[in-house]
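In what follows, structures are represented as structure tokens.
What follows is a pair of complexes built around chain A, which joins chain B in one and chain C in the other.
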Partner chain A sequence: MAGDAARIRRQNKLGKGLFLLFFIGPALLIYAVYNIYPIFATFYYSLFDWTGIQAEKTFLGLENYANLMKDRVFFRSLGNNVLLVFASVFTQIPLGLALALLLQSKIKGMRFFRTVYFLPFLMSTVAIAILWMFIYNPTFGVLNGLLSDLGLQSLQRSWLGEKSTAMGAVIATICWQFVPFYMILLRAGLTGIPEELLEAARIDGCTPWRTFTRITLPLLMPTIITSATLSTIGSLKYFDLIFVMTEGGPDSATELMATYMYKQAFRFFSMGYASAISSCMFILAFIAAVAILSLDRLRSRGGY
Partner chain B sequence: MSAMKKWASILVSVLLICSLAACGGGAANSGSSQNSPSSSDSGSQAVSSGEKKKLTVWYIDTGKRKELIEETIQEFMKAHPDVEVAAEQIANDTYKTKLPVAMGGNNPPDIFHSWGGGWLKEFVDAGQVMDVTGKIDADSYLPAALNLATFDGKLYGAPLAMSLTLFFYNKEMFEQYGLEPPKTYDDLLNIIDTLNANGIAPISMANKTKWPGALWLIYLANRVGGADIFNAAFERRGGTFDDPAFIKAGEMIQELVDRNAFVTGFNGLDYDTGQSRQFLYTGKAAMELQTSGYLTVVRSEMPEFESKMGIFGFPAVEGGLGKATDLVGGVSPVFSISSQTKYPDEAVELLKALTSKELAQRYVDEAGVVVAVKDVQYNDPFAIQMKEFLEQAEFLQPFYDQTLPPEMAELHKDTTQALFGKSITPEEAARQMEEAAQSMLGN
Partner chain C sequence: MKAAKSVILYALAILWLVIAGYPYAYMFATSLKDQSGFFRDPTGLIGKYTLDSYKLVFELGLFRYFANSVIISVICVGLVIILACMVSYCLARMRFFLNRPLYFIFIAGMMIPVHTTLIPVYILTREMGLYDQLWALVGPYIAFSLPVSVIILTQFAREIPGELEEAAIMDGAGRTRTFVSVILPLLAPATATVGIYNFIHIWNEFVFALILISTKARMTLPLGLREFYAEFSVNVPGIMAALTLGSLPLLIAYFISQEKVVSGISAGAVKG
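So, the complex of A and B:
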């Protein structure tokens, strides 16, 4: 009798497993074919000298990686990526938080502003890139026009054309694009904070600043960590906007790992080398994600 | 829970094995299909009679040229009822990515566009392009154009249209300031100074994509060092890329920049979105060095400007070895056939139709371009002028980036953009090019 019960339970379990598989299956299949398999394939290709257009590959072992460690352009693009990570994490999230808090406050017409603030994120990246190329245009652009209207001609630059300003100009655009995303994410986090806590604080005579630092911010920390993770990984993999706006130029000033990988793969026909770059990007993004998540774990153990 | 995990892991491993196996199968396939060009006859007959033979064509021509290609393909299908042609027009930059992926994935189009030169050679070296020597009539094309599709004495495609690099300028503006198209480089410098004195940017350029600036280097190197300067260095017969002529060309570029010859911020401007042409349309700049495609773009973008527009060639440099009549140019499109095509005979027929005298004539009449096909009548006034430039030319220098291997081509464009941005010295740019040449082309 007891054996029967166990068998039935096992069968139920199996049935449940099959049932779940039925629903997860299709998505998992697509995920495996288009995400998991390519990751392993990239590692595999990175061990070869391969043009990507012919059937024969020559096995090199780790030579692609050895060359990568000697590649100045790669390190410059890595540096730009790191710059982008810091710029993104330390401007996008604070600005997103500021906007989210602003939207929380009870100002008239907030619904309208919420839509307006979110608009940049709804635009396609290529459209944003072309829009900002016109804004930065040294002769016809709005930015230089504004500076000249303010009598600040000395500050006028050919923003995307000079090595010293190109990266900054591009980063500003990227921030403009992504701040709304973090605004929405953090706003969702803010709505999750129980009203009673805030009310209790108010009754206890907490100043708004103290309420923010002692209640809102700590309770928002999980959302901020998620945002930071997304922002870091996104910045390490960033490609499209830079590719449209500057193609990594002038003189590699805005080259990122992803744009460099694209060049190696599709301009120079070095698919193996490009795969090595791609693998490095994966490893770096992986390490960054693990680091942030384990810091988060330490923090939550720390008792916040 | 653990049962689920087990199931998930089994599923993942099954998937991985499946996809790996699928990949292996693909590679095996490609090996066998490599032999197909040699046994060209058997392929077309193997198909059952009821089914249509399907050919795919990838091209990048836009506007009027696209319409003409489409019409030609329709006519071809009428004349060959057993063949179905699927033609796809692909944007220029997308195409440069899409074709290598299709070739690498063993799923190439039967007929594809290229610019000849180093880019096409990559595919030829990979065994992906069919040898059409003797299958098409080489005598009906201009030799200078055919050269770009010839490797080791074998022909790997047929050319249709050509592009020449010329100055496009605002005639009214030149008249207003009493200027004439320059005969010599010093004339050009005087024009630059006059225009600057009148608050007009002399030369417009959008150099984000780097090739517009490269046109200057190619012309200056030719005018200073003579017709053979590039080929001698490229073919490694006595010439080098750090030849004094290349250094001199770099110096001249930086002198032009110092002279304020170009519009502000040119290294960040985008050609495709019209950021350089804008200067000419609005009367803020007087001229631009560009390929003959400029005319097609002006006609669709700002037809009113055409009546004000004139063209002149790159002037001679005093004391230089190059002739003022030498031209910088290229061929686009060159159509080639994939070595994996199932119907080589039909593909050759279609290739002939796509590079025929009839289509070339319509290109000249309706799109206003110069073509690589012989015995064509020119009626469009700009096309007549361009054809005259072409006839006077004793030498046509192909664009470096279409001749050099891709990695050197990129270095050439990178260093030239840096020269314009003054972040590199002419000596250093030349040294980097020669160093790359030694490792990629040999001593």
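So, the complex of A and C:
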């Protein structure tokens, strides 16, 4: 009898093991092959001089990294990534919040406004890039056309073609794309704030501004932190739009780590060097994520 | 005072309406102009409209890109949903010693910059002989859709009351049976969200397609749009027609079910 019970238990355990294997195995295999293994492989490749096509690799140790530290284009691209992080966090999120608040005010036709406000986020990044290249086009573009209608011909320029304006133009397009996303996230956060709190503040004679800074903003902090995290990590790995619009040009004025990595890997076939850039991107994104999460933990412990 | 306030609010609302809406209107209006009409008035929205550009775009093979994108999106989204439901069921409802570590591995996947994996995925795809085939995209797309999907579905599956599952087991259903006939139907609302989220991302995905596909006939829509742009950069109405058609599926989905699409998109902002 006791033996039977043990056998059944063993069988159950075996059955559970097989079940888990069958249910988790396939997903885990794909995930490991395309997501986990490549991270280690990138670090490994970064130690070699390698075209990626020929079989032979030359071991270099950390030489790729040493060269990277002397590479002006890499630092330019890193700088552009940092600029993009700040531009994203400090323009997209405030603008998104402003729009979310605007959508909360009870003016007529809000449903229509909301529907249109969200549209930019639905277009594919490649489509946005191409569309905005026509908006910035020097000869028949919308922006220069608008300036000439306003009598500001002196301000007309080749927005994506000049080193001084290319990065700004690209950042403006990225904002256009992502503001609706943060608007939606923050709007969801705003609807989570209990109406009674705001009502109570109003009865106590709080000005709208005071209500906003003392009640709305602190209660919205978790959503803002999430948004900032997404925005920072997204900006550090940004690629698509800039690649299509400028390919990092003119003269690497809009070069990002990801576009530079792409060029090194798939134009010049320096897979080792490109992997070193990749590894740096990974480390930076990791540090940024850890930093934001621990700041968040500090903040919530401080009870702010 | 109150009137002044609402005037300001309206002004701001309309200002952003123009910023968000004009590029769309410009794209659509330009796609309906003929070339000379466009160069006569490049920024205006009204003019003599024609559907010639749309005809041209189809003749030049936009449909091929479109079909490729539909195939890859449907296959990947379907597989991701099935795989993620299976994993989530185990993570949410079963105890085993790797449960927490596995969940953590999937969460960590959300932090990984896609581009860190590009070179190894490219090499791997070549070695597997899949380079320049539509199927080459299936692996990467599934792998990168799994983390968010697993996290959303696991959180959702934890909320399912245990009694339902126990009742099924009492009735003599095995685990697989319970999963298929009890758990899956209950997960349906969450799978809709996950499906929309993944569809949008896969439909618009660019960088993996860029490095893994090189033959025109196998390109997905984002790559195809770029080809169109390179090929006829002077035919602006033609390009705008291609862009409009490329944006159409998501726009239609959005107008049919705004709430679902919006919740699908914000689903990516989950916190583990």
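Please note the rule applied: the second predicted complex is superposed on the first by the 274 of 304 C-alpha atoms of A that agree within 3 Å, B and C clash if a C-alpha of one lies under 4 Å from a C-alpha of the other, contacts with A are read in each partner's own complex, and residues count from 1 in each chain.
As a working rule, contacts are C-beta pairs under 8 Å (C-beta built on N, C-alpha and C of every residue); 3 or more make two chains touch, one makes a residue touch a chain.
What you see is a predicted model; the values in this text were computed from it and never measured.
When both complexes are overlaid on chain A, chain B and chain C end up clashing with each other.
Once the two complexes are laid over each other on the shared chain, residue contacts for A:166 go to chain B alone; chain C is not touched.
Contacts of A:55 after superposition: chain B is touched, whereas chain C is not reached. With both complexes superposed, C is the one of chain B and chain C in contact with more chain A residues. Using the contact criterion defined above for the overlaid structures, shared-chain residue A:239 touches chain C, although it does not reach chain B. When both complexes are overlaid on chain A, the residue A:37 reaches chain B and chain C alike.
In the superposition on chain A, A:138 makes contact with chain B only, while chain C stays out of contact range. With both structures placed on the common chain, the touch criterion links A:186 to neither chain B nor chain C. Of the two partner chains placed by superposition, only chain C is touched by A:105; chain B is not. By the touch criterion stated above, A:119 is placed in contact with chain C alone, chain B being left untouched. In the superposed model, A:276 makes contact with neither chain B nor chain C. Across the options 94-102, 148-156, 184-192 or 256-264, chain C meets chain B in a clash only at 94-102, per the superposition defined above.
Residue overlap on chain A between the chain B contacts of one complex and the chain C contacts of the other covers 20, 24, 28, 33, 36-37, 41, 52, 130, 133-134, 140, 262, 266, 271. Of all residues in chain A, those touching chain B in their complex are 13-14, 17, 20-21, 24-25, 28-29, 32-33, 36-37, 40-41, 51-55, 130, 133-134, 136-140, 157-163, 166, 246-247, 249-252, 262-263, 266-271. Residues 3-4, 7-8, 11-12, 15-16, 19-20, 23, 27, 30-31, 34, 96-97, 100-101, 103-104, 106, 122-123, 125-128, 201, 208-210, 263-270, 273, 275, 278-279, 284, 406-407, 410, 414, 417-418, 421, 423-424 of chain B are the ones touching chain A in the complex. By the touch rule above, chain A contacts chain C in their complex via residues 15-16, 19-20, 23-24, 26-28, 30-31, 33-39, 41-42, 45, 52, 99, 102, 105, 107, 110, 113, 115-127, 130-135, 140-142, 145-146, 176, 180-181, 184-185, 188, 226-227, 230, 233, 236-237, 239-240, 243-244, 258, 261-262, 265-266, 271, 274-275, 278-279, 281-282, 285-286, 289.
Those residues of chain C that touch chain A in the complex are listed here as 6, 9-10, 12-13, 16-17, 19-24, 26-27, 30, 38-39, 42-43, 83-84, 86-87, 89-90, 94, 96, 102, 105-106, 109, 111-124, 139-140, 142-144, 146, 150, 175-176, 179, 200, 203-204, 206-207, 211, 221-223, 225-226, 229, 236, 239-240, 243, 246-247, 250-251, 254, 258, 261-262, 265-266, 268-269, 271.
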